[in-house]
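Contents: one structure, followed by commentary.
Here the chain labels run A, B and C in written order, and each chain numbers its own residues starting at 1.
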Amino acid sequence: MSSAQPLVEVRDLSVVFPTDQGPVRAVEHVTCRVNRDEIVGLVGETGSGKSTLGRALLGYVRPIGRVTGGQVLFEGQDVTRMSSGKLRRWRGSKASIIVQNSRSALNPVETIGSQIWAVHKAHAQVLQDRSAVVEQALKEVRIPDPQRVARSYPHQLSGGMVQRVLIAMAIVNRPRLLIADEATTGLDATIQATVLDLLRDLVTSERMSSVVVTHDFGVVWHYCSRVMVMRGGVIVEEGPTRQVFENPQHPYTVQLVRASALGSRSA
Amino acid sequence: MRNDPDLLIEARRLSKHYSVRGSAPVRALSDVSLTIARGERVGLVGESGSGKTTLANCLLAIDDPTGGELVLFGNNARDLRRRELKQLRRRIQMVFQDPLDSLNPRMRVREIIAEPLLLARIARREREEQVASMLDLLKLKSALASRWPHQLSGGEQQRVGLARALITKPEVLILDEPTSSLDVSVRGEILDLILELQRTFDLTYLFISHDLTTVQKMCDRVLVMYLGRVVESAPTELLFRDPLHPYSRGLIGSALIAGTPRLDNRVELKGEPPSPINVPPGCALSPRCPFARESCFRNVQVLEELPGSRAVACEVVTEAVGDRRAAGSDR
Amino acid sequence: MTLTRAWRNAPLIAGGLIVGIVVLTAALASFVAPYDPEMAVPAQSLLPPGPHHLLGTDASGMDVFSRLVFAPRVDLLIAGLGTLISFAVGVPIGLVLGYGRGIWSDVGMRTFDVLQALPFFIVAMAIVAMTGQNTINVIWVVALVNIPIYVRLVQAQVLSHRERQYVRAARSIGNSRFRILWRHILPNVVAPAIVQTSVNLGWAILLTAGLSFVGAGVRVPTPEWGIMIAEGAGHLITGQWWLAFFAGLAASTTVFGFNLLGNGLQRILQR
């Protein structure tokens, strides 16, 4: 059971992005939390602010955006006010993120093994044996033939494999928090479920917390114990997943729920 | 040759291979046979590389297949002259995936919708009337008629696409992922609209999608494709409740539908779908299939009919079903 | 494409102004010029700018100012007609090559790639030398040299539009190939060609002036910037700067104006 102290506490956070048409208020006075040992879903459509909020949990706001108010307290420390040096040390070890366009997140001219190693090396207190670390990381994400993959370059791997590699890199240092920002959007259906299953297994077995940012309520229903629904930069509803799904209160949530369960098999 | 007037489209062993300089040919379609009868609402599901869009293009006679035959409204497409083919093609229309991309950015909405009539040499007065009634039918405000596509919302754009497709009162509509590019909140209304239009126009349609919930809502019968072949065909309910082909079990098993638990007899497929350039020999699924046996790697699987209006292209399944029936009949 | 956007478009306004003035000057030259531009008065040769001859006179005694304001007629005529011809010929070729498939399209594309690689000025000089030095030939040369530009520009655009869904839709509702090119693809690919035209006009003027400068363009004593610069170049050393200077200034400002205009048009047409 999760302890009372939340892992991340967001208090009245507001984030603004400058655009050609003027400043856009991506996140407006949002207060929420991520508890320990939980997988929470952050669901909304394009432009709802969910990605911005998800990234803000890691302090990814500057230099493009600006925090105009509020705090993001991660284990008590305000991430929005950390110096970039401290943030860099902290990301990858305390918290990490997996994004959607997987291939562009990897360096095309370095092998997979060296990239995984680099993440470990940047944060580890004690450096362990390189090939052991890399092989272990790849095995954890159920990649067959880890030694061959470690020697490969990103372009030699398929989309699903690349996504697994990113997961491996994200968890190699056992962060407390893992953000999955539309991590499986764009992957083929059969791969999507497998990757999400893997994610859930890892997060649960390693006692991490995870925020799954997605537009797909189906993903949320199957993987998240709690859900926050976002629209227009505001959280319109939140609660335990089953409850929100069976009994949505906010009209927008009602719309989303209805759209996602178009033809349930049981009906 | 059957001359059933209700058999609107018949594909017989269609193949479409593209040759690419310097590498192996792309086998977009291999040996696909299907029929679409009047009034049917047929679904076509598959992931990327399955050949769904290529099949749509071939059925629409936009692309010529490299092998096999296409019979449209009882006429073999090969035997037809260009003009005759054009006439027949007017009876089949298509709605495209990306609504904005499917509308000419330099044409106004009313011109886009009217164009099929213009090509059929319908007089201007008549064209205007029909456009107006189409706008009404598709619940588009008449003010939108003079706008440009980029000024419309995604849902409105797709309605224009539907209007254009329906204005010549085709008998068959092919919808290629019509709601995939739309926001989730808009999808429902477009799908409901399509169902309504199907009733109004007594349409027959082929609904192509990778989204299983959508197909479940929209179709009576579903075809599952993998790497250019049809691997299973079944009535919708049956398919989603009890898929037989290992790929179907993998695909439907991986569907994440809110409010519904995952499929009981789901299958986890190893690895990932290869590209249509590297189609494995024998059964295309064999490298990934947990039930694959030696003969699967050698034999190309063919659709076999099963009771319940079903068909499966898997020798392992067909045998198992045969065994069960034999065992049952012994009792 | 609203008017308000046009107002904020500095290149469009500046370029439009410059080009407008040049065109106006060419049109109203007879009224503006105080002297006959081809009237040689040897007694009054090489006079510096002064009250009677605003910009001075050249070696033959012809008034520089009068020649300056008549010059655009020649240059604009040659550049304008030449560019028009290359547009009218190049765009359809580009359409056809871009839309066609198969070996002949490829051959066509490569041919124009090669043609565009030729050094246009040398080619222009060579053609004029072979066919004779007169205005008509210079127009043809300008046209010829610019055709590959339009072909490649339009063809690249067509290649990308060909795969768009609206083209597939147009086919599926029964458009003939011709109609697809004419009614669907052309309106969508012509905008860059129009922008290119403005820039091309500038370059065509430069080409004309350049040819005249080396003696391969229009003949003396036609008032033309290139000729004026050629004549004036020799006199720079002896201190008579006004012969070449004003013509050079006029030519470069005009070309600059066309470039700006092209820039401005690009901003408007790029939705």
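The criterion applied here is as follows: a residue touches a chain if its C-beta (ideal position, glycine included) is under 8 Å from a C-beta of that chain, and two chains touch if they have at least 3 such contacts.
Bear in mind that the values here come from a model prediction, so they are computed numbers and not experimental data.
Comparing the centres of all chains, each the average of its CA atoms, the largest separation from chain C belongs to A.
Legend note: the chain whose CA centroid lies nearest the centroid of all displayed protein CA atoms is B. Separating the centre of chain B from that of chain C, both taken as means of CA atoms, is a distance of 52 Å. Between the CA-based centres of chain A and chain B the separation comes to 34 Å, rounded to the whole angstrom. Mean C-alpha position of chain A lies 56 Å from that of chain C.
In chain A, there is no position where the chain touches two or more neighbouring chains simultaneously. Remark: chain B residues 47-48, 183-185, 187-188, 191, 210, 212-214, 216-217, 240-241, 250-251, 253-260, 262, 268-269, 272-273 touch chain A in the complex. Residues 57, 60, 62, 86, 89-90, 93-94, 96-98, 101-107, 115-116, 119-120, 150, 161, 164, 168 of chain B are the ones that touch chain C when the two sit in their complex. Touching chain B in their complex are the following residues of chain C: 164-166, 168-175, 179, 184, 187-188, 271.
Chain A meets chain B in the complex at residues 45-46, 158-161, 188-194, 196, 215-222, 245-246, 255-266.
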